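Chain IDs A, B, C and D follow the sequence of writing; residue 1 opens each chain.
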């Protein structure tokens, strides 16, 4: 099953890049949640294409229509369905190359998986466009989480070789979160945004593309959320993150670096402050034994460079079963890292809310 | 829900480190599978403690008793339940320190999650002992996969600062897999095993512990297995891997390194060989768009150093709500990386089989 | 979770009676299934209101728009979303009585369940209108089943005191199935249709309503489908049937009558015909031990009379918390049994296909 | 998947009638529940065989061993595993008839479903013995429900042609529930117990068997539990009930009789008492729109006569593929209705608790 996720905050997505519409059904929302539609639009806009010269010129406003589950400005508690019609559709761009396997894309795997019947136009169901309904659901999740004092924030940790600072006790902070959401390339060290922009432009000029790393933090989640075998907080977050196209790695807290630490360095010692138990470090990213310890949940996701590049690549024409040299025309992003930020935030918010609701403490 | 995993090859585990028994119920096994019990014992033995001075001296033979689902030497197709009685139980070791929160352990998170009622002895349900039934299930999964020409193999990629080679086209090979399974510290470059052993002994002598990275490969899986949103192959493998205690990161193919590549480097170009479609590189670790492309599935998992160390650590006595200096006595591993290898293999085998069965091609 | 059903042929429904739209997302469809749109429309028309004086005059054509998962006349294998816009909406009909609890309706339970935020207009999410997307999905399921030689057929077993014949070896037959689908009131004994019609008209003239029983058969399912504890064929069919509004009972084969038989009468003896194992009777309705035995699956569902009646009823105004006498105006069906027939068929088809796909033999 | 049930109170069962052991893993139990072991034994004893001449003489004490999830007399919150070893095993009874298909039993369907590899001895996994772990889990569920003021009670509504009274406002009452649990044949009208006993003895003397109907009530469940499409309270209760061997029908409230009522009779009018909303009737069995309305949940289940009878039956030898006359020797029940009572109660308790936990109000 591909399209449904979650136990408590359940989301089913549908659609293809150049089909009639994309959308989602969200099941498990409590009734009476007042939705801030402008806030949802803000999140959608951050992901939408055509904003600037860093992204594809495809013009999609991603205007959504809520079909159900929303009455008198509030959620009803019954499934909320949302639809986004595809407008800037250019099917013909894809006809002549439909049998060419674009390297790094799901053309071949999708063809095998669906017996060659899936919609190949612009990646069809595999398109990054399918992340729009996820961002919509994530915006609602973040509104609900906010009401519990929980914030989700992400920044570009790196694009190519340009690295931003890490989240740390000093800079994980809802104030900063608001600032990040307003940036074209959200970073903690403002100086890095320009360098990253140059890295992207350079890749574009080289008819190439570039990847990066996103760091995300969820603050305010109480201790005691999650499970050991087989539904750890890491398991659930990783599960949804690896559904986001182009994500190839995830690490929590110190992540891969922890493997080169000694136990005496790696262990986060607890201490007492104002009668509450806190931890002096956060190498475990807020999760121990699969369960939250009250520290911020922190993880990094590796994003691969956009597979669509302008320069010629060797490939296969699967109809002719012959090798070909492929030049991908049409519109594509030289870098999707900055556009993936709201998607990663959405995934983290959806996963966090789903797990918090598990113990029914939510409403 | 913590204890159940899988859609088709479903496993429920139970038990505590010093309780009566640990075990699992495996549901979804086809009928008529002849089980190689000696092979299962071999897998169990690789994980079992007390083998050598690199691991805890706790003496557990991990002898299992199959309670159901097994008749005349073959699986029946109905649930197969297995039980492993805990023998070398030393409850008293834990009484005097039961209110001390061991840094890096799930003492605090488990206490909050279960309201203080969970069995604290030796980590209880959070103990690495719970991986024994997973290895049992994984051994059965590997026997079934073998019948489909699918092999699962893993090696220690690093312990502390000592690094082994990477899996590559040359050394991913069922022959090598057999050899790895026989090694105390499975590595591709034999010279590294000794250096790693020294690293472990040194940590032990320092009353400290050390972590590492495990690399795992699954070969022979046909193209077309898996799904995009929300059940990618990466999602399912990561989900089960992050249930394994001490895993803090996972990456597929080039993983985090791919974020620093250009698209032209990262893309795995397809080509034709003997009328079949192969790929020249495997930066995507055998998975594109969440679906297998026929290349070996390759991933790395980061293992944190054993939290239990001999040297004094600052901690909290949660009953007295006072800070204390804690010295952990009793028996523990200076390094669990080598013991985690069969667990990672088991998880990969269980996840792979579960996904292959999804399309029902299996039996 | 209310809105999602199924493991393999997964359906999520959404919508409210007088909201923007109702619809469904169908996940798990194989790629390449050519859809007979006219046949789907035929099924939708059978359920649609406003057909005749036996049903509500509400004029809804139930015209559907497929939003995704359908490309070049075939399914893509990715989620198929369908939307039906509500046209004949009369919200104001409901404003003045919105705080009146209509006896037999879900007004009170829905209000408690959703904290009073659910859409009350015309029953909102509880409306029989929500069965339209189920009929849509069922029509597709029946098209796929047909390709496997499996037919689904239902008739009105009784309306009020008028009883039709039972399905038996002689009259369970795809030919008859076609005939039944064409009848306004599908019956095996044609003479009964008129008597049932009179029963309905009489109830309508009395400002009252009438219920009945539907019998459904699924033929051509091979032996060996289903499971014992906890997913018997009866369990899965009953689960979806009891989601259909107004269903209050279900029985398989001889059903409640079998409780008054002796074992020697009740047992269906197997025998051999043309080298195949058949059964001389079908008291078990084609299911033994939760698993199909190759005989037709036969069940009956009890449908309660439409709760909406014209005559005054004692009720409660939940805002004023006072007892009131309620006269329900607006449009309603004096009997929904005949309109429920395509819904019961749809549910049976969806459940059957889902279970058949479980063993992956399907595609 | 056969062996796992539930979303919140999750149970996985395993075992075969003459295998090593049967048992269950219960996942989702809260920590800190003090178990009344004697009460559990009482429930187990009610189901156990060999009690009297109304049931099989097979001597199984059904002594259980808790393997995990239970510490210092309380649940830990982690999975609770229980095992019951099979003692009175007589495999040889079944060798000579193993290829004979016993009419009414799952011999044929099980053989097809599991490819002939399932354990055929005494029905194997299909045996009524598998209800023992369900009764164990149900006893725990009832203890938890009791703490919420919820009672589960059942009586024999009929055996053969002898009918007991119905549950009604006057006799649905926890006091009566205690009395019923103590009876060999639990009835509301004591005079009926003897007549039922005679009916059973007569069937036994005729080398035949007899079935019946069980009525069950769950009192004290608040309004607002359950969902419309697709997880109605009826759906969930029916799902688990139809997993109980020999159940062939289920109806809620007036059930099939409601189909012959007028709307004006069938509707349960609400009224106000002490500022609370009650209903004057309970034709809907406490469930409207799939959701509880605060009235007692009431349902009836039809139990077929024991398929195992002493008199000769025509059958098939599936190895020889020849028709045979079969005389079933060995030990069997002339009637299982009274032994099924604690199983139906257990199923109702498990389903009720699972649904109540859905909204997380439970702990």
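Points worth noting:
What we mean here is this: a contact is a pair of C-beta atoms (placed from the backbone, for glycine too) under 8 Å apart; a residue touches a chain by one contact, two chains touch by 3 or more.
Heads up on the chains, UniProt names are A, B, C, D = Chorismate synthase.
All of these numbers come straight from a predicted model, not from anything done at the bench.
Chains that touch both chain B and chain C: A, D.
For the interfaces A-B and B-D, the C-beta contact count is higher for A-B. Separation between the centroids of chain A and chain D, computed from CA atoms only, is 46 Å.
Rounded to whole angstrom, the centroid-to-centroid distance between chain B and chain D, based on C-alpha atoms, equals 39 Å.
Chain A and chain B have Cα centroids lying 27 Å from one another. Multi-chain contact residues, meaning those touching two or more other chains, occur in chain D at positions 1-4, 7, 13, 78, 113, 125, 228.
Interface residues of chain B facing chain A in the complex, by the touch rule stated above, are 1-5, 7, 13, 101, 103-106, 108-110, 112-113, 125-126, 130, 134, 158, 160-161, 203, 206, 208-213, 223-232, 234-236, 238-240, 242-243, 245, 247-256, 258-264, 266-272, 275, 277, 280, 283-285, 287-293, 300, 302-309, 311, 313-316, 318, 321-323.
On the side of chain B, the complex with chain D involves touching residues 1-4, 7-8, 10, 12-16, 19-23, 25, 27-28, 30-32, 65-69, 71, 74-81, 83, 113-119, 124-125.
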